[in-house]
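The next part holds the structures, each set out as structure tokens.
First subunit A sits with subunit B, and in the next complex the same chain sits with subunit C.
Our next item is the complex of A and B:
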């Protein structure tokens, strides 16, 4: 039988054994208002940020949000492709990818539709912050890989991408920070959700509990300008609930600014030491 | 009586606050110099400084747009220029008027195509495509220029950016004495030595080859920083 040496000799698709078990309906909040990992609903996980982790890239950032691990690398500015039209503004190419082993379900090597959608949201957030008129005819490439997905991967990616751009010496109006909130009916807002807590449409019927408001909202913020530059909302949310959730995300993202600033300043210090 | 003293006290406070604000406005700029900053940080007002590289103006204030250290360049006639010194090279894309170092990749009867590898002595991580048209090779007798007598593939050329060109090519010019071929190889692979403004000679075979030779300039001699 002919084999292709370039491919892995494993099945193309695999199933998580848990998915074969009957679905267990878990309540995300217990009677003491605690979540499955012991946090209260208004409690975020710790964040870890480090710049300059990918040595080949011009700029890079590693972000850890609980168990969620994201690496972002930035290349460029480089020449645009042959077939592009002339433009005085630069262009950003953003690629978001879950590593095949990052989720409970195996992910393909080729970006699928959901990943393409997330790429667009991240691109939208970054386009607002980068001073594209400084880079005519050029292309800036941003690659984001999720090494482990334990919820809030999109917000971790946006923060990491902005810090990687700043690390690469790309001119920006402001850095971008981002946070997620899960709306869990009856006025419950779970800040910084894990992968179990993230919104899935199939959960909707089983746990609606009378309130129709279920969903996941991610907001990207320019913290010093105090402007929202991207919003991603999944699920069913009433208007006033959505507004409240966005405000909650905004204040959470604002809290990340100190950590992001500290990370960037420490990267400047390490450079000075290298020169000396 | 008490009311009157209250007013006087108010006035004193107002004076004090104004004085404090004045002091702050003067001190604030000195205070930020040498400090590390990140994109989006407010540095100072536009009245005290002009905005330089790595900064931008918004609502009467200068903000940082790069991560680095805040520096000031004094000017005798004008306000000082505030800029952010980053660990990356200041120049990352060619701009009109920059001197670029490029390598000729392809020649035809009308133009020479090249790869821009450095801008203003800063090497670029990714090469940009450039083009020197026949009429931009030299400033005199432009209609008699022949590309194959001016450049050969593989030559290292100093040129000036004429315009951003079209989607694909930066338009370059060598129409100055200081611009043109700086490094070239003869047909047997030895580096040529310059004889005159339009000739180079092989030190081994003594064959003369014609090139648009750059006049050696002190400030252009040297290697791009790595």
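Our next item is the complex of A and C:
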């Protein structure tokens, strides 16, 4: 492990006490088709969105999806560094980070590969909606931090990032909303999964014996244009199951549009009141 | 309350970053955000909102927002202190919270605040490290105290100390035993204990403007204009237990005295806030 002279020294490794408890084999759905938190499979958690949480940022958004908590702030457009080539189109930089205390195990401070991958997915989703041709020679920075991860953190981040961009006054074709669905064996679709319900590679071997569908699909959508701008699929899914899951995600993301719109409207109203 | 002062050049904007603008205010004994010189910003404190952490808190001092999450894990002790647990604070000033900070390794200011918290924990014997020992020379608790700044509007030190203390009071450690027969570690998640804290410090930060004016609880803009800082830490009995003055301009004795008195009053206020939230 790389040591960092700028931080206080920590031991090489430590153990999460929860991991020492004997793991129970849990089924994600009980006989009454209810999930571990009491929801039915086609039941999403409540979402809370608020723009303007970070006073120093150009635009910002706080998103709470069940217990998942995400803060996103946007800076820019600003000049690109001098050594970069001239570009007619603007550039977006996206940095996604889990807070060290946000997951079941303590996370390192240096972004790891999975965080880099998620940054890239979010970047793809945002690039589709931002009118980059309006910002030549400029850089727009998007920073996201997950304070608590209880599943679907990527979807929450994408929605929050797009609203933060809108809050910063960056021109977009449409806002981006996103939703996740966990495929749990044949015919079981768990909407808006929690962290326990998220797909792990070992689920595939232990639960299914190899012939069932298992995976997690996240879709980012431009709701008014009804176009899909990013898809992230993990696990083993048959082609028609994947199509069905994407359709399900799309309609879930579509449902978020009202909440996103309300959030933007109320942030504009509160700014209006402060100025009055 | 908003104050706009007229000058010969016409109306100055509220977020104007020039010295003159600030001096005009100080002449009237008021600051651009409507506060008196020794007035603190309103504070919000919330504990236990992050369920993945063993203890957590959120503090807002004006606009400045800090989230502290404490993760308790088990590790082997340091060879030099085989019977003592480990506490590691870390302050993160990410580019998310202000355009001042750049991505990458922690900036100087983040390192300074981290070191300040570490000094405070060690010099005041804040946590009894012997309590964090499960088995001598084999297994101890390590508390990763991560403080993440979400919104940087000055006075990160006070916000950090308050959120760290509130989060520490919120920590719940599960019962851990070592089974000697099979040498395995047994954890009982249902049986939890809170941390014993030897003291409960509160810090108050002042800054010096133009050598003669002392202002309390500076905002980000005021930090840029002022030179010299003074941080006073008081405990629940109103005693001063730690003081830091990292360089800057010289200070007169009477000013230091005034700051101490103010710090004691503010300390008592925050103590009642702790009690309300955790008690």
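A few notes on this one:
One rule holds in what follows: the second predicted complex is superposed on the first by the 258 of 276 C-alpha atoms of A that agree within 3 Å, B and C clash if a C-alpha of one lies under 4 Å from a C-alpha of the other, contacts with A are read in each partner's own complex, and residues count from 1 in each chain.
Following the convention adopted for this analysis, contacts are C-beta pairs under 8 Å (C-beta built on N, C-alpha and C of every residue); 3 or more make two chains touch, one makes a residue touch a chain.
It should be emphasised that the depicted structure is a prediction, and the values quoted were computed from it without experimental measurement.
Once the two complexes are overlaid on the shared chain, A:106 sits against subunit C while remaining clear of subunit B. With both structures placed on the common chain, the touch criterion links A:119 to neither subunit B nor subunit C.
In the superposed pair of complexes, A:171 makes contact with subunit B only, with no contact to subunit C.
Judged by the touch definition given at the top, the superposed model places A:13 against subunit C, while subunit B stays out of reach.
Once the two complexes are overlaid on the shared chain, A:97 sits against subunit C while remaining clear of subunit B. With both structures placed on the common chain, the touch criterion links A:180 to neither subunit B nor subunit C.
When both complexes are overlaid on chain A, the residue A:148 reaches subunit C alone and has no touch with subunit B. Taken together, the two structures place residues 75 of subunit A in contact with subunit B in one case and with subunit C in the other. By the touch rule above, subunit C contacts subunit A in their complex via residues 49-53, 56, 63, 65, 67, 69-76, 78, 86, 88-90, 92, 94-99, 103, 105-106, 111, 114-115, 118, 142, 144, 146, 148, 150-153, 174, 176, 185-187, 189, 220. Subunit A meets subunit C in the complex at residues 4, 6-8, 10-11, 13-18, 20-21, 53-57, 67, 69, 71-73, 75, 95, 97, 99-104, 106, 109, 141, 143-145, 147-150.
Taken in their complex, subunit B has these residues touching subunit A: 36, 38-42, 54, 56, 58, 63, 65-69, 86-89, 92-93, 125-129, 164-168, 170.
Those residues of subunit A that touch subunit B in the complex are listed here as 58, 75-80, 82, 84-88, 129, 131, 134-138, 166-169, 171-175, 222-225, 260-261, 264-265, 267-269, 271.
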